[in-house]
Amino acid sequence: MLDFSFFTGEVFRGYILQGLYFSLALTAVSTLGGTVFGTVLALMRLSGKGFLAWPATVYVNGMRSIPLLMVLLWFFLLVPFIIGRPIGAELTAVITFIAFEAAYFSEIVRAGIQSIARGQIFAGQALGMSYGQNMRLVILPQAFRNMTPVFLTQTIILFQDTSLVYIITAHDLLHGFTVAGNNLSHPRESFILAAVFYFVICFSLSWAVKKLQAKIAIIR
Amino acid sequence: MALDWQVFCQDTIDKTVVKGCFGTGGATGTQTYLDWLLQAWGQTIIVAGLSLIVALVVGAIIGTIRTLPDNPWLARIGNWWVELFRNIPLLVQIFLWYHVVPVLIPAFAKTPKLALVVFGLGLFTSARVAEQLRAGIQALPRGQRYAGMALGFTTLQYYRYVLLPMAFRIIIPPLTSEAMNIFKNSSVAFAVSITELTFFAQQAGEETARGIEIYMAVTVLYVISAFAINRIMAFIEKRSRVPGLVASTGGGGH
Amino acid sequence: MIDIRNVSKWYGPVQVLNDCNVQINKGDVVVVCGPSGSGKSTLIKTVNGLEPIQKGEIFVDGVQVNGKSTDLPKLRSRVGMVFQHFELFPHLSVTENLTIAQVKVLGRSADDAKSRGLKMLDRVGLMAHKDKYPGQLSGGQQQRVAIARALSMDPIVMLFDEPTSALDPEMVGEVLDVMVNLAKEGMTMMVVTHEMGFARKVANRVIFIDVGGRILEDCSKDEFFGNPEARQPRTKDFLNKILSH
Amino acid sequence: MIDIRNVSKWYGPVQVLNDCNVQINKGDVVVVCGPSGSGKSTLIKTVNGLEPIQKGEIFVDGVQVNGKSTDLPKLRSRVGMVFQHFELFPHLSVTENLTIAQVKVLGRSADDAKSRGLKMLDRVGLMAHKDKYPGQLSGGQQQRVAIARALSMDPIVMLFDEPTSALDPEMVGEVLDVMVNLAKEGMTMMVVTHEMGFARKVANRVIFIDVGGRILEDCSKDEFFGNPEARQPRTKDFLNKILSH
Amino acid sequence: QANDTIAKVKAGGKVVMGTRESSAPLAYTLGNNQFVGYHVELCQRILKSIFPGVPVEYVAVTSANRIPLVQNGTVDIECGSTTNNEARQKDVAFGLTTYVTEVRTAVKVGSPVKSVADLNGKTVATTTGTTSVALLRKNKRAQGITFNEVYGKDHADSFLLLESGRADAFVMDDNILAGLIAGSSNPKGFKIVGETLNVEPIAVMIRKDDPKFKAAVDDYIRKAFKDGEIKLLYKKWFLDPIPPKNVAVNLPMGSVLTELSKNPNDKPAEAFNK
């Protein structure tokens, strides 16, 4: 009933490789950008200053209540208007993902910082450390270690989410499988292969996360 | 760019503006974009609501069996379930349910598309609910399990009376984000022709060429839905709050 | 009543109980002490089968705990246990904590369970708190409720695992008082504790376990405290440490 | 050296310190005791400004802690503090724990800091563990490292907040020994503790705070323990509770 | 004026062609970012004559996003399978009609469906974001029949719905239907039936209010009709075997297009269905 013989090396190179590359690149770039932007948002929210915390809170909660598909559609529609010149679907995807993921990463960073026991903060202060020193030497090193697993898990989710860029016709991994399936008349087999592909990649990643977690965990 | 909200009062066929903005409805009656928008919202709510039920029920079972003592096989099945359903993108899973499963398992061929989407979204989310429930159960002090056992409860009983009630309370915050996620993720259902909000955004945006207005309306409905879920869960959290106990929180994911 | 015979237990490659033998008769109050990590909690948990053992046999009231076909829930329902961290069920009120196992495990009617539970609550002096939730009580009060909960099941023996070590110092006394009374009324008890005052007052036997799970001492209270010369060096060292301050 | 004057503090509507006055001179060893939640930790944390106060004044070595322009980090670097839960930095090795603040706060060279830190580590008897991480040490060892960390900063006064109450009983002694030696060497100390043995041995003053944050007693050790009749009823009650067992 | 494509292309040094991925034989991909088809090749020729030597960049568009993409300048010329109608003319402009499609119905061989009326009670597939969705709604109301609609997110998806039996019929432009059938694993298993629901002029799409570019495009098309270039292209893509499977779509030129080739125009669909 199912026939996977159509899936040759040539098909892989012709249809899949480009999409795989794009999905990975999009994941990497938006993780990086999202982390930077997200950390800024988190620090704004933790600053205790209303004029910083409030916009950041609105942004984060707003982004988190809209589906990524809609965010993609919005950015696809609006970004060219805003920046005044056309950009491709790929670049739109990158901008959208950074903006979108920042909201999620900021929550991770915030939780990471808040996970540090008050006693640790007191201990740093009691040794005479300034706010900045305490953050840099005591809180952030622990916070980053604490949040690494959630952070990497989110990155895996992000990688899966790249499959949604089909709505703005960017060419991701899934897209490659879809087109290959349609053009070579084996759409069902192609979906199964896509599932296997994603599973292998994401499963290995999450397995690696577990290993890493055991390695960097603070001995308690 | 001027916004033209009248587009929602247009008839979906002849594009004339209908007085009162609502069509006559019915199979052969007229329909405005507003009617359609609300219908699409209904579809979103139905898909998300049913999927949430599936996710909670299946997630509770899977999450529980992953923590059972002395039953490595059940735990293993539970672990694989979680790995399987969370390591494949939702969109791919929905395609599989829609296009592949009915061919492999003929019994599914006559299943309504809504049910297939609900399976897809529900089981995808069940993996995440299961993961949270497992974490919730494991976050309880080990002594709670021992205390239940020491009183003579059977495994089933101490899960039912001791562990699960507390575990579910602990995971209300992450469950809230899961419930909100399910609403958002239901947008993926449009890929298999569920006429929900994102489908509406695409189709009506195309037909009327008033993308901004249409997207805005749809976005607002998503935000309202998310907010409503959030309030409902806050209400549940409040109702189930244990006197004298401070709640802890979790987070992450979408 | 309790017969622990040649029991050994491992966690993976680590041995935590090493050929332990303890006999406890009806009415005995046995205090178990030893350094942290020596296996005291593990030993007491093997008595009602909360921790499985890899070698040896344990009998409670004639029933083999580690038997293949033993109805463990039934056996456990006859053995009361009190934990270091109380382990009341936080989502249930005090009364519900006291009655739930009576109803669900022993099959008592709600009324019977309630009257029995409240009687025990009265005994530990907390009748006024019957409708509160555990989180609204102090540690000492929670532990007393936990004792009442165990007593409501009409146990034939009570196990205590460091019942006072998680308490603020001012609350230790109120819990010990309850335990002293229980002992005086003739309850069979096995108590893991560092409270040597309690041991002196009511124990009739003291057991000392060393790290690695080996029982070094098992003798009468008078012998244990009265004849320090005859003790093992490890025991003397331990007693010195905890009695010095 | 420490001068707490008419200090009051509220958490929202709840008053946790009520018009407290304490004077501590160079070389004093002051023990603070009182029931749980009475505000002992809060009081001691106000001394180096970890908790802000709403009323009154606090001076340490002549510097006003709650002054608007006070350089708090600088002041804190001269006040050693030891916490109930040790609060070593879990991501740093023992040596790094000992040196980081010396280098970053006092600006010492890495070598100086290390030699000073290791000297203190030696003093608490843990030289052998200098390269371990806190998580690899027992509670008693961690607390001794925490004391060494505070001492490495050459503090003019040491604050202790229940330094032994999170420890297993066998480890209490080793920490108290370090503290006793410190007191004997003339360190000025303010110690929140329930260890009355320690108070008897080295305190020269004992302060008792009642719930609500009011100081009920502030007298010499001999007066406090030797003259029970003159004590407030609350104090007697508290002492009874913690000394009875 | 922003809408001067010729100036924009000169300034940018490249021209962006929006095209479709699975609208064979009008426009589709062979993978590797390689696009082919009747309209793709026609556009390639047009662009080569207007912008000799300027590289062409390809952007795959969908039914749903092609108009915004042309409007916002992402795409300079869309060469896929876009119907020229009055509503769209408010937002974009079209070249001279280069293909005329008739909206018809594809069913499996052996299906009892022979006309729209037979769709009563059946499930009908079509593609999100196309005019067929509205067309179906219109017919439904006009004829008083009831049927369920299912929507594929693209034509391939819609065809899959028909193939797997989730839909009894697939209503779409005949060329797309023919192309999908030809490319399917079982070309003999499907047929195109029923009356023509709509005649739709298909044209390349460009930005509105850009007379210079429109004139250049139209001039080339007019010339191509006249000297038979279009006829050759039509034969190549509709009658001869085409890649990737080397099967022919086999859809001879319809009467409307034949008529048009004598006197090309850019009238919207409404003018064709009076």
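Think of it as A, B, C, D and E in the order they're written, each chain with its own count starting at 1.
In the analysis below, contacts are C-beta pairs under 8 Å (C-beta built on N, C-alpha and C of every residue); 3 or more make two chains touch, one makes a residue touch a chain.
Keep in mind the model is a prediction, meaning the values are calculated, not measured.
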item	value
Required steps from subunit A to subunit C (each step between touching chains, minimum)	2
Of B-C and A-E, pair with higher C-beta contact tally	B-C
Distance from the mean Cα position of subunit E to that of subunit B, given in whole angstrom	37
Centre distance in Å when subunit C and subunit E are each reduced to the mean of their C-alpha atoms	81
Chain centre separation in whole Å, for subunit D relative to subunit B (CA means)	52
Shared-contact residues (touching 2 or more other chains) in subunit A	77, 81, 166-167, 187
Touching two or more other chains - residue numbers and ranges from subunit E	64, 68, 153, 160
For subunit C, residues that touch 2 or more chains besides their own	none
Every chain pair meeting the contact rule	A-B, A-D, A-E, B-C, B-E, C-D
Touch list for subunit A against partner subunit E, complex	11, 14-15, 18, 76-77, 80-81, 85-89, 166-169, 171, 178-180, 182-187
Of all residues in subunit B, those that touch subunit A in their complex	1, 83-84, 86-93, 95-96, 99-100, 103-104, 177, 180, 183-188, 190-191, 198, 201-202, 205, 211-212, 215, 218-219, 222-223, 226-227, 249, 251-254
In the complex with subunit B, residue positions of subunit A that touch it	1-2, 62, 64-70, 73-74, 77-78, 81, 104, 107-108, 111, 150, 153-154, 156-157, 160-161, 163-164, 166-167, 174, 187-188, 191-192, 194-195, 198-199, 202-203, 206
Complex contact set, residues of subunit E against subunit A	16, 21-22, 28-33, 59-62, 64-65, 68-69, 72-75, 153, 156, 160, 183-185, 244-245
Residues of subunit B touching subunit C in the complex	141, 143-144, 146-154, 157, 161-162, 165-166, 169, 242-245
